[in-house]
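Each chain gets a letter, A, B, C and D, in the order it is written, and its residues are counted from 1.
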């Protein structure tokens, strides 16, 4: 089954993914991981919240860490193009019977809080407090030298349906995996900002967040992070990689934070701004789609993820299985 | 003087820069340079034309080499978002009293040919023949491993006026150099596709093309190209670099083709998709804006450029001078 | 048990490992692998032999491929310092009751052919035909851009005994793995030329050649090779890696040639020229000794190797087992 | 004139260059430069001395910074192979009528202090205090991530004579520059430890130390240092580079410490352990010998250097001039 035709003129204009709120059970341990190991910059913090940004970001934050009893994901944030897009978005979600709340968010302007049809908590805004550039303050670069948040990847119990919904709000599929037998989409990568993806959906018990990803300059930064994590007590937090994805062609590494939230370090995908950019289709049976070099992913990578606050998960009905490392 | 306020809703939607036609006096020599040394891929060629694309491009060509008596630039091409944008563009240029011609271009759909107010030949299209992906055919990677065309840089005799015009058609300034004394803009970088620029303008005798640039994966690819050029008879074609620009933060190298057309090899700038992305201002007196590491550019880099077919150049009235290598 | 005290004044002076003869069952297939994929340079070839060198080597060859009915290893070659060292070596081996033959080798001067006590065929020489430098002919660099042969790694059924013998002829242990329970050495790395090793021995059915290794400039060359092999039909020849060894600190990749001979691509170990350089001891139970980042090696890597012509293998009596990937 | 025939059996056995004592006028400023910017590790310090080592070194120090009234070089240190080599060295220097003193040095065993025939202060030792390995403590890597001291480069007023003397004590020429007209050697690179050089001599007012060099993993570490120095107040301390030397094929950068002592950051030369390794000859008129990519060095690089304590300099009689950047 071909992926849906792209929406050239979506109902509202999403610029890019923006931020994620991670609820964590030990804020000090999380701070150490995200700041000392990954190298994100603290823009504000108090006893219960830490706001972080990456080196080339001018928005106030791309991650909010919140001290909580339960490790889960509070919300996924997206930036809209212009003020009227907020109203159009509110109308779109209301029309679908989905929640529409206007909420106060520190450092952000008018903010719409809603959920997708499966309960993923989403928020949309136009203005976030802007910070002075630090991308040329090289003494601050540390850890993996993260440049910017790149994408969210989510488990979905019905990837075809997720793709349809996000396609309707303007995300374009760039690559996807199909189950040859059922003809169903097993996973899909969808973008707004001109790379391979802002969001992706993978078959599995959902909705859950599979991972958030950060862009780094070169594969050598990923090797540096592996060396650092391996010799500072974080060797067990390395889950998969390094490797090159067949899908996206990106060089990758997956690590887990102290609560198990998964972070991908990612570089070298490609430009997709053309509105007629054709999606690339992969077979679920092709192990090179996972890792171009042939190594399958471990079981944990296929099965574990972070739940979303207030969202009930359900299992996927798809019985097709990827190749899993023994 | 602040740079112009950006146009959130420009009169027509330009997706990105697309291609350049280089007129060359020895097609075989140019083929050797662009194909064997730079590593661009030939998509079609005959006795007088060679069409080239870079490794991650799906459009038919980003460079057309044309055998000619005179080395100059035939046209700069831009991709528009949707068919109606062509009509809107035609109306916009006609309204300005600029030429509007619908021309036939091999491998391209309906194409609008016009000029900017200073005579730079421009063409706009929506559809170009799409090619199969080759970004994962690693045996084809060669030379500097060029991934995609990144930007055009032009000399302008009146940069303030050029910035105003291109701003009006949707290009947003990301960084600019100001002459502290006159308050005039000496150079400006302007984007559509979400990087630091699709087009830039530099003070000088204009209009002329200063260079076209190609994006490569890492600085090591640029070092590989330097080693290759230095040992295959092209050492005199190396003009400036390697270095890191203060402006754009990109790692760069400038080389000259056999006719003197200048090509920049470029990597590591940053994402600029936010519509409220603030422009960074540099002083003409700050040598780090040219090269973060302090080395000024050679005189040829400030003075030499490629003329455009049919455009008459004029000198700049600005008397401020950049720092030039002795 | 500490590793043997080093011999400051060994009985003869070995400069470095030099070359290996691989017997292969399909010379054309092997040529494609070593020349087009790995990027070694052909210095001479006929219907049954191909002589190869790496980019910075001035000696005539580091690998000889020989068309044979059986895939095995013909000989391991070592360069001696001066003509008298040949006579001293002959006396040493004769004194041990090991074979001493003076053989004719194309492109090599006077050559001593012998075997170690377990039957590994060895040859020693002082002079090999010298070739013009090609390390600055950058147009010739290809594949993984191999710079020089770095080391041989061998299975031994009695590593303690192998270490004693090679220590006696001047090889110094730089790192070793000990079985904590028996106190026996499970593996050892021993050098002559000032890196981590010229030869290494690993516990297992021996004698067999585990692998030969080539030095490359940076980890990115190894990533390039992975991309190339993955997209030219060699994905199944990738056995282990990329990763960083705990032992040696080197960045590595293991690939198999068309006959299954194992080649390591290797970079970034460290200088060991000091005669008082202390050996580093690792526990067999520490998975980071294999891969600093924690991933164990696959079973094939522990069990498969190339037999030596004319040498009978025996199983190791050591029952300790390394951690193997499930 | 060919360079001297190498000494296969020199009068005493030098393993490698070892350390340099820099006298500095502001110890705090020097500490900041060597520790925070270059990333060397402090092994000991008090009010007047700082001992530093690089990341893979096990010896106690490779640089000693000493607070002084005058910026100069106190001594160049070399490690000998075995205790008898100290006596042989003493005899050799005594026989030449050069000073022989046995001095006390902190952290070093029996130490011979002498001078070469032009007054360069030299010291030789066999044992220096050994430190625990830190090459896998990746949290300590900082600045340019220096791995080890690589070589000393000295101005000599008579390079032919310097080469003869150092050749006599076992240094082998790997590359050299000849003045085509006079047939005199203009510069020479000479090694003991198996790389392109432990010491080099360049024509000029001598004896003076031109620079000490540190080995780093890849060219990207050099780019990181340039970015760091450019944005922390050290842009004027960048003197030359980055580039690739024709001679040695190394990727290089030259920076100046707060007193003007010159430090080279260096990687990617080649292995030279073969006793029959042929020297490569370059013409003084070939600008690619300086920088393979064609850019000449600045005048300061040819003219400025650090004087040695107690050594009187004299001008060179050679009138041939290299190509200097305008």
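Keep in mind that, in the parts below, contacts are C-beta pairs under 8 Å (C-beta built on N, C-alpha and C of every residue); 3 or more make two chains touch, one makes a residue touch a chain.
This one's a predicted model, so the numbers in the text were calculated from it and none came from an experiment.
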item: Any chain in contact with chain A as well as chain B; value: C, D
item: Chain located farthest away, centre of chain C as origin (C-alpha); value: B
item: Euclidean distance of C-alpha centroids - chain A vs chain C, Å; value: 44
item: Chain centre separation in whole Å, for chain D relative to chain C (CA means); value: 33
item: Rounded Å distance between chain B and chain C, as computed from the means of their C-alpha atoms; value: 50
item: Per-residue multi-chain contacts in chain B, two or more chains; value: 136, 218, 220, 227, 230-231, 292
item: Residue numbers on chain B that touch chain C, as the complex places them; value: 136-139, 218, 220, 224, 227-228, 230-232
item: Of all residues in chain D, those that touch chain C in their complex; value: 8, 15-16, 56, 58-59, 79, 81-82, 127, 130, 133, 135-136, 147-148, 193-194, 217-219, 246, 249, 268, 270-271, 273-278, 280, 292
item: Residues of chain D defined as touching chain B within the complex; value: 218-220, 223, 226-227, 229-231, 235-236, 238, 242, 244, 251, 288, 292-294, 326
